[in-house]
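Multiple structures follow.
Next come two complexes built around chain A: one with chain B, the other with chain C.
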Partner chain A sequence: MELFFYALISGVLFGIFFALVGIGLNLIFGVMRMVNLAHGDFIMLGAFGAWLIFNKLDINPLWSIPIEIVVFMIVGFFVYYAFVPRLSKSKDPEMLSFILFFGVAQVIEALAIFAFGNNQKSIPFSTLGQGSVTILSQPIPFAWLISAIISLIIIGFIYYYLYHTRMGYATRAIMSSQEEAASVGISVSKISAFAMGIGLSLAALAGVLAPFMIGSIDPSIGSSLTTMSFAIVVIGSLGNPIGTILGGIIYGIAMMFMQTYLASWTNLVPYVILILILLVKPAGLLGKKVRNA
Partner chain B sequence: MHKKNIRLINGILLIVVTIVLFAILPKIYNNNYLLFNLMLYIALSEGLNLIYGFTGYLPFGYVGFFGTGAYSASLLILLLHVGVIPAILLGGVAASVVGIILTPLLRLSGAYFAIANLAASQAIYYIISNPHLENITQGPYGIMLSSVYNAAASYNAMLLVLFFALVLVLFFRQSRFGLSLLSIKEDSITASVAGVNVVLARTIAWLLSAFVAGLCGGVFAWYTSVFYPETVFSLNISIFAIVFVLFGGASTLIGPLVGTVILYGMYNFIGISTPQYFQLIYGILIILLVLFLPDGVISLFKKVRKYVP
Partner chain C sequence: MRWFKNVTLVLLAFVVGIILLPFQAKAAAPKQILIGTLYASSGPFATSSTSQYHGLEFWANQVNKQGGVYVAAFKKKIPVKLIAYDDQSSTTLAATLYNQLITRDKVNLLVADFGSVLTSVAVPIAQEHKILLFDPTGTSAKFFSPKNPYLVLTSLPTSGVWPTVLADFLITHKINKVAVIYSANDFNQSQAETLKAKLEAAKIKPVYYHAVPTDTSNYTVLIRTIQATHPEALIEFGYPPNDIAFLQNLQASGAKFNMVFTIFPGQQLALIEKNVGTKALEYTYTYPTPPLLVYNKVNYGMPMSEFEKAYTQETKRPVDFLTVAGYNAGLIIEKSLSTSKEFNQLAFRNAINSFSGKIFTLNGLFKINNEGAQIGEFLPVGQFQPTKTGLALHVVYPMNIATGKPIYPAP
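What follows is the complex of A and B.
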């Protein structure tokens, strides 16, 4: 029973963090119908940002959050205007975006190796607070709790943006139909560029917390983070950013229970969940019908 | 002569020239390893072309079939003492069986299929490399096939697999069957209205594609004779094949061939010594290709000549 509670609580905490990992990917897909295969590499960049702040400036890595929001918003605008308009005109934008962003992922990984080398980097746990807290008589590292709370706050902001601001309304209008949104006077490209910026910033912020949740970082962690994000997003449902929270928590709990009871098979979890969900309920657990297969 | 016959002869000539070249080259050029890998990647790209070029499904986890072929063939040789050639053929069959298990994925479209296929290949990798299965697959510790090692024979086996893959693509390119696949790719509903059995045609292409990758895997295992799960399940194999096909031009016979020779040549030139430069160039190349030349370099020739094999 001890183990059970431990797995459950840490699963929920990790799940909230995983929701943050996936939500940016889902936002970009929902708005642009483009598959950002470089998502994991943006997370990796975010993580290195936090590492730089901590290592070179010697201040708390959480200070990188505001800096990274600004930087990745700008990167997002650049990425949007460089690729998306041209891609949308092509024969099969969704498929080609998949391949294009794969190329982007390769470029990012190569540049990150130039900049940071191939070695693993880490930030000590204690920078987010010493020791552990006791929840339901289980000792949980303080850093996990802080990371989960920060993730929850960021997701709260996204919820507020999407459901309580004018731009958020416009974003959701584009998600449900781009043509209709354009016909009522919404500037599709401006809102989409903004969504790309937010999506990449979210990836980067997940990256800031990654050293505390996932462990040490190196330039090659991007691709596995991308697959993980896909599993999370697909469980929740593609194109519905808030569904990602459910996806993250299910994924987190499944992961922790597997690690507790059947450790050597943990790596299989994301892939098996992903395939099963895609086959049984392709639109995801909270999904409307988004495509015709 | 009938136009169709000329096209067929062009295709056959291309195959004959390729095969003869690869048969003669080891006698003049002594980098056997490079030649073998070139053949391997041409065969893999043509195999991927069967499914991606002709049906539009992008199998991101194509390497799953390759690895399955390599492991099935090796385990048949090591555990059941099957002869090398039958073991390789059975490796291809095993890859097709995995293909059959994965056929439900064909219900998914576009990116969903690619992601699910990628996940499937990773799942196979984690099952095979699991330390709990050490008694059967040797888990993460890899396979030693040195007892049956034969460089010349395995080189010739690869030549045969390459021939088979090229003939398959030529068949797809020239036959009614290939045409019906292309019509499905264009618009599956219209194709089915016109009397094409969409599900059957797609499944056949999928299984043939898996079979080619399985054969490649088996021959690779024989040629290399010592390998680890991460060697034969490396995502790079999928990616190489996809980029080679895209670069050359999908759904043609010559496209993947040209793509592999140019890009693998380049990889050999700079990729092995300085992998990150290569990765950078590769990434930029992919981005430029998708944006400016989505139909591959072969599409440049199509502007001059109406038809390329």
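What follows is the complex of A and C.
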């Protein structure tokens, strides 16, 4: 029973972090109907940002959070105005976005190799606090708890932004229908550019916490993070950022239970859940409800 | 008379052909010996692969500084040219590039990329094209068969043999509760299977024995599960990213085991130490390999001290085991070219058979069996013990080459 509770608590904590990993991807898709295949690479860049802050400036990597929000907002605006309006004019923007962001991912990975080399880099877990904390009689690494709390706070901000601010209302209006949003005077391009900035910032912030949750980092981790993000997003609901929280938690718990009881099959089960959910409820677990909110 | 004239001409052509045949067979010496290889600049094998490639590249530079490699078939020195492509740690891309090296670049010899995963695609391609594959570190036993003469493992024994001494160490020290966790790939699985078989032969049944996906980057939950089985020794077989994640998570979890074993700290100490810190490695066990393990009886190529000095001076990079493995592959190529009286692939292999068991390089005794697998080297058990200045790796088993005693259980 001890192992069961350990897997459950770890799964929930990882799930909250995984929700942060996927939420940016889902926000961008929800607003622009574009698939950011470079999402994992932006997470990787965020992780290297934290590593640089810790390694070169010798300060707590969490200080990279405000810096990365600003930097990646700017990058998001640039990416939006450089690519999205042109893609939107094409016949099949979703498919073209696949190809374009795949290229962007390759470029980012190549540049990261130039900048940081191939070797794995890591930040000691103790930077977020020594030892472990007891939850339901289980010793959980302190770094996991801190990472999950930070993830939850960031997700809380996103929830507040989407449901309690004027820009958030506009963002959700665009998610429902770009044409209708434009017809009532919402500036689709400005709000979308802002969403792109937020999406990339969220990826970067997940990256800051990544060394404490997924271990060492290197420039090639981007593609697997993108794949993971897709699974999380689709389980929750593609186009619905809040559904991602549910997707993340299901993914996290499934992964941890598999590691505990059937370690060899760990990688398989989250994708089996993904396939099952697509067969039973193709819109994702929270598909319909929030999309029309 | 017309038929007589035709028959005479045909016979004449036949006789001339017979006379010229030996001259035709003895092809002209190439201007360069083309050696094709792959490296991974990205992906999970990048660190190890680039180290190995740099070692091979250093060998080629050294040889070319001396006018090239001596080729016995042409009785002269010929410069060496490395043709290398980036496979990005992808077996699919590697398969295409190995083919490209053979069919488009027409390389004379082929050297495999690092490790069993990237070598696995090279083995059938080399066999199909009948080109000798020099395999520095692809140690999966599945590659080797008496039917394939186009493969030579230059640096390490096949992976299934690696834990032989480790198993003896566990049995001798009466460590009866052993947990084994390994990454699901040929390299690690063959080690886990050998260890399990040897322990079971000594009536020791592992208390935990599980594979995890090779891309596992978080072991904390697994460590917790293993802890619940109360093992005395925890053996983790993985690639460098696995070892880094495992050691980091072990330290963060606060879990304690009497003995912890990982593979790559003994091969890539600088990389692992940089990532996990000195503390996480204290009292852990590994397979010590050159340069951490120094062989004194070198009769071919540079000894370790000279190699370390020359390599760091020329490349400004540190030496690790894979650099040594890359350089060692170059030495075996050099020896085969300087021994083989004919310039063809099977002659190279026969030449290798002729000097197998007779040369000692900085990597130890080079000896292959009839399948081309390395049997001259073996991997002892070493333990990292703390010193005032950091860590010292002592060979603790077998006793005849031990440089220290194991500290067991770990404090």
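Structure notes:
In this section, the second predicted complex is superposed on the first by the 287 of 293 C-alpha atoms of A that agree within 3 Å, B and C clash if a C-alpha of one lies under 4 Å from a C-alpha of the other, contacts with A are read in each partner's own complex, and residues count from 1 in each chain.
What we mean here is this: a residue touches a chain if its C-beta (ideal position, glycine included) is under 8 Å from a C-beta of that chain, and two chains touch if they have at least 3 such contacts.
For clarity, every value in this text was computed on a predicted model and none was experimentally measured.
Following the overlay on chain A, a clash is recorded for the pair chain B and chain C. More residues of chain A lie in contact with B than with the other chain of the pair chain B and chain C.
When the two complexes are overlaid on their common chain A, residue A:Leu274 makes contact with chain B while staying clear of chain C.
In the superposed model, A:Ala143 lies in contact with chain C only, and not with chain B.
Once chain A of one complex is fitted onto chain A of the other, the partner contacts of A:Glu109 extend to both chain B and chain C. Of the two partner chains placed around the shared chain by superposition, neither chain B nor chain C is touched by A:Leu209.
Of the two partner chains placed by the overlay, only chain C lies in contact with A:Asn119; chain B stays clear of it.
Judged by the touch definition given at the top, the superposed model places A:Met196 against neither chain B nor chain C. In the superposed pair of complexes, A:Val84 makes contact with neither chain B nor chain C. In the superposed pair of complexes, A:Ser264 makes contact with chain B and with chain C alike. Of the two partner chains, neither chain B nor chain C is touched by A:Ile174.
Once the two complexes are overlaid on chain A, the chain A residues touched by chain B in the first and by chain C in the second are 109-110, 113, 264, 267. Those residues of chain A lying in contact with chain B across their complex are 35, 83, 86-87, 90-92, 94-100, 102-111, 113-114, 223, 227, 230-231, 234, 238, 264-265, 267-268, 270-272, 274-275, 278-279, 282, 291-293.
By the touch rule above, chain C contacts chain A in their complex via residues 40-44, 46-47, 50, 89, 181, 184, 210-213, 215-218, 220-222, 224-225, 228, 240-241, 244-245, 248-249, 251-254, 271, 274-277.
Against chain A, the residues of chain B that register as touching in their complex are 56, 58, 104-105, 107-112, 114-116, 118-120, 122-123, 126-127, 130-132, 235, 239, 242, 246, 276-277, 279-280, 282-287, 289-291, 294.
Those residues of chain A that touch chain C in the complex are listed here as 2-3, 6-7, 10, 109-110, 113, 118-122, 124-126, 131-132, 139, 141, 143-144, 213-216, 218-220, 224, 256, 259-260, 263-264, 266-267.
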